[in-house]
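First chain A sits with chain B, and in the next complex the same chain sits with chain C.
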Partner chain A sequence: MISISQQTWLQPWIKLARGERPAQQLRSLSRTLVVPLAGIAAFLLLWAVAAGQINTSLGAFPGPQDVWQQGGALLDEHAAERREETAFYERQRERNEQRQAQDPSYQPRLFPYTGSSTYIDQILTSLVTVTAGFVLASLLAIPLGIVIGLSNTLYRAFNPVIQLLKPVSPLAWLPLVTMVVSAVYVSQDPAVPKAFITSMITVMLCCLWPTVINTAVGVASVDGDLTNVSRVLRLGWLTHVRTIVLPSAIPMMFAGLRTSLGIAWMVLIAAEMLAQSPGLGKFVWDQFQNGSSDSLSRIMVAVITIGVIGFLLDRLMLTLQGLVSWDKSADLR
Partner chain B sequence: MNEVLRTSFQWKTRPTPWTAWLAVFVLSVFAVTARAADKPLIGWPEKPELTFGFIKLTDMAPLAIAYEKGYFEDEGLYVSLEAQANWKVLLDGVIDGRLDGAHMLAGQPLAATIGFGTRAHIITAFSMDLNGNGITVANSVWREMKKNIEHRDGKPVHPISASALKPVVQAYRERGERFKMGMVFPVSTHNYELRYWLAAGGIHPGYYAPHKGDTSGQLQAEALLSVTPPPQMPATLEAGTIHGYCVGEPWNQQAVFKGVGVPVITDYEIWKNNPEKVFGVSKAWADQYPNTHARVVKALIRAAKWLDENNNANRAEAVKILAESQYVGADEEVIANSMTGTFEYEKGDKRPIPDFNVFFRHHATYPYYSDAIWYLTQMRRWGQIAEHKPDQWYLKTARDVYRPDVYAKAAKALIQEGKMQASDFPDFADEDGFKPPQSEFIDGVTYDGREPNAYLQRFEIGLKGDARL
Partner chain C sequence: MSNYLDISKISIDFPTPEGPFRALDQLSLRIRKGEFVSLIGHSGCGKSTVLNILAGLLRATEGGVALEGKEVNEPGPDRAVVFQNHSLLPWLSAFENVQLAVRQVFRDTMSKAEMRDWIERNLRLVHMEHAMHKRPHELSGGMKQRVGIARALAMRPKVLLMDEPFGALDALTRAHMQDSLMEIQRDLNNTVVMITHDVDEAVLLSDRIVMMTNGPAATIGEVLDINLPRPRNRVTLAEDSGYNHLRQQVLSFLYEKQRKVVEIPREPTGNTVEENANRNVETNHTATGLVSRSGRRA
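== the complex of A and B ==
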């Protein structure tokens, strides 16, 4: 399991625990652990030194210490908001009881908490949105990629359009998506907010293309021998796709999905920022608008969070890619 | 009973002896029955779950206070407050129903109703505050301007007229450069105040010509005005894209704090106790949810009173609340500068202006028709209303948009519940919605809301009479 999922950094620990050649394991550890940590430490040092030199109209650029402090403050705010939420429901229940005493026909309802979203809430919203956009994109991109990969004619027909749409920035799509969503998605009491739909569709439009292209290429490059086997066996179209095409196209497909997810995450932050839809992007924008002396540190907290989440998402895809790939010797980075 | 109230209220706008007597009769009957039945004046809210929009400015305070102090919850309302990116997004939100109501520029409901910009019938029953804006210029402009200002005891004499800025603007024009200033929205109080101040000092701020498709507002302009969202003002000034701006707090004090500009005048000095923001909702919404609307106004009136209570005693606490990042989010000391009755012009030149932010005193929350008409006259003056309109049109438009009847309903409910005194409010029995003629403008021109066209005749710069671009 460990070897397939490429989590090489765990191996020396396990071997060390088993007592297998400790000296070699320690050397391996220093290579996989100490060197990267030293890199991070050097970066922090550079950051701390450089930050003090940059003066903005909001004060000096925040160093690692300020950012750490604001990270803590954001967590405290989250905890305070949760306490306030409990109190809110408590008050609401009391009020409902009072009203029922006055007006027995009243059917009490509990309204959801109206307080502001905390940093943690914003992270979760972003994760949900990116997942929804990415899943939607994959559901469209994989079948499309298979279909155009199987037919040379279709590939030639679609390729120019795909190449044209691929480099379009989310910022260009966003106004169009916003207007279309507003026009099409009309409901008195929407189940999901419009802002969520807008961000999701923008993310989808931007992260569709790598998966389409990679799937098509993967499908098109199926080994000729395998195709011949399928022909000899007179496999039906569906069986041909399922047993011959898909297994050989999967590594390429997942490489495409991995790129797509990376793009999805980047696009989402920009889309949230511009569309003012809840999430980390909005958090960054709000802090920028506030212009308080903590704003820059808080934006840096968000920058780091965005980076960490992006990294984790990429590792997740890499693990999946390793799991489904039949060529275990390939070095995935 | 509410019907009775509303009709009696509309009658009194043009009182004749018998209607006045009838109004008194109806009101006393009403007072007796109300006491006898002791039934609440306003029914349960039709829509308890609400979302209101606001822009990050200190004058959104009544919304934040009504939320934080539980005044909304006392009315059985569960309100979410959402900061909006700019005034256009906010207005669109109210029109398309994403927002139930919002903190609006006084000109927005009027302009939307007459169809300048997006057309939609928006009304207001609550005026959020008086004053609260300032005009800031870049440091370089201030250095030049300062030479033309009289000094006493080493400090510039306020109020500073735009005539001190005129030579600076001329120098820009001679160099072939454009002198650019920012304001927050074409129908914002800030646009009209900035134009008023510039024109009073002999600088032409430019005309709009919507009938020719020109909505830039820069025709014949000596100073070119354009839109920048409030929170971005200091950054835009710092970047040199604009040379000055007119905006609400805390964004003038932020310029001092950051050292990027110097506030030269507050709107209190341009027009003493001028009406500023309003709480706007769409007419359709108000018709559908009358109880909810009246209850929202109740909560807001209480919040406004809290803000001004005991000679601004609660302001320090209000500052703390506004500094939270979901509201205004600027540093406490920046917000405190203007909210606690002082204003810092040049760095270190802090002067007392106790009425810089008024939320309740001087009947600040009452939606006066005369306030609405002043904004309409300025829209006409600068060409946003392209052609002559009779005085009657101004009054009719004000009545379509400003709804003192809803305000009175909310106020009377508060009096009945014992949360407020009748003395807190204008005398509803004989209030006709017009403030007496006011002359406390920087140029000394007298404004009487009953004669908008005669008022426009008094200005040297600006459209008047049948003039058409």
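== the complex of A and C ==
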């Protein structure tokens, strides 16, 4: 599992813990850990020095220390908010119990807590939105890619449209999507907020294309000999796709999916900013509008969070690819 | 039974920008049931094209092929193909590769247990029972080709088509594979059409060797009956005058009557018409009259 998830940096630690040739493990550690850490340290130093030189109307550009502080503050706020929430429900419960004790016919009511959403809540909302948009895009893109890849004619027909739509910025789609969602998604009591639908569809529109193109190319480049095997065996269309086309296309398909997920995450932040749908993008925008002395540091916290999550999402796809791919010896990076 | 597989006057034209290019011209051949026929010729003479037409992967422009009186016009498991580069699905184990074929051919006539027995029997036949559950990348070249043969045999084909089955193997492995194939042939007595470059292989394995002229417009040059008694043993045959005479006849056809002058890499595999056409154009542009394309994809 460890090798599958590409977490090679963990291996020396495990071996060290088992007591396998400690000297070698330490050397391996210094290679896999010390060098990257030195890189990060150099970056932090550069950042700290550069930050001190830049003065904005909201004070000096935040250095690593300020950002670290604000990160802690955001977590504290989250914890405080959660305490508040529990206390709120606790108070309600007590009050209800009291009233029921006085009057057994009383139907207890529970009011939902309506505190402001914290930084962690925003991250979770963003993750849900990006997942929804990405899954929706994949569900459309993979079948479309397969169909296009199998037919030269269809490929030629779709390719210009795809190439045309591919470079369109999310910001161009957003107003259109917003208007269409407002017009189509009309409900007195919406199960999911409109802003969520808008961001999700924008994400989907932008991250569809890499998967479509890569899947199509992967499908089209199936080894001719394997296609001949399929013809000699007279495999049915579905069996042909399932046993021959899909497995050969998986590496390309995943290359597309990874690119798509990366784009989805980038697009989401922009969409949330502009659509004012809750999430990390809105957090950044709100901080910018807020303009307090902490704002820039908080935005930097968001920047780093976005980066870390983007990286983790990519690793997740890589792990998934390792699990699905038939070629376990392939060097995934 | 004299014309089990009847190839009558097949010609094939590949379209090129300069008009159709005739790769094969009026080739006729009758193959008996249980006969082992080798097609030999220089690279690019259209041997693979003939095989692809027999398999139904390509269609002849003129003429046609009949198997047991029925016209061949599409690929099918009754004409199983052993491809040169094994063509196993890399994501399936040896067993599963054979299973794919067996399921497809016998899904209405065999139970699950019967299928498993049949798959295992065929893998045993090619001596691959020890590595049944390995994936192709864990197998050597010879082992992969054995599985490829097992897959073809498991379809219980009327004709077994082999496209340079041992061409990509080293000499020792090739000899082993040839012996295995002779052993299997002794037991099953399949009708086999095999393409080869290798004169020794052709003489050792065949009942008849069909020697093809060089393209364009390739056709049959000579047909040689190999009346050597079976079982044949490569070591004793090496000193057999009959064997050496036959061998010499094939060599003389190939290197005196059909000598090639220019060699252009790659030979059409008949996979795509366009590919062939492009390569044929290259040939036409070559200044020399006698040209050839040799060497296949590695």
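Rule of thumb we're sticking to: the second predicted complex is superposed on the first by the 302 of 333 C-alpha atoms of A that agree within 3 Å, B and C clash if a C-alpha of one lies under 4 Å from a C-alpha of the other, contacts with A are read in each partner's own complex, and residues count from 1 in each chain.
In this section, contacts are C-beta pairs under 8 Å (C-beta built on N, C-alpha and C of every residue); 3 or more make two chains touch, one makes a residue touch a chain.
Note that the structure is a prediction, hence the values are computed from the model and not measured.
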| item | value |
| --- | --- |
| Partner chain in contact with A:R99 - chain B first, chain C second, else both or neither | first |
| Partner with the higher number of touched chain A residues, chain C or chain B | B |
| Partner chain(s) touched by A:N228 [first = chain B, second = chain C, both, neither] | second |
| Chain B versus chain C as contact partner of A:T243, first or second or both or neither | second |
| Which superposed partner A:N290 touches (first chain B, second chain C, both, neither) | first |
| Shared chain A surface residues [contacts with chain B and with chain C] | none |
| Complex contact set, residues of chain A against chain B | 57-58, 91-92, 95, 99, 103, 106, 109, 111-112, 114, 116, 182, 194, 276, 285-287, 289-293, 295, 298 |
| Complex contact set, residues of chain C against chain A | 55-57, 75-77, 79-81, 83, 85, 87, 89-92, 100-101, 104-105, 135, 137, 155, 269, 271-272 |
| Chain A-touching residues of chain B, taken from the complex the two chains share | 44, 48-49, 56, 67, 70, 73, 76, 78-81, 83-85, 89, 96, 98, 231-232, 234-235, 238, 254, 258-260, 323, 325-326, 328-331, 334 |
| Residues on chain A engaged by chain C in the complex (per definition of touch) | 223-226, 228-229, 231-235, 239, 243-244, 247, 326-327, 329 |
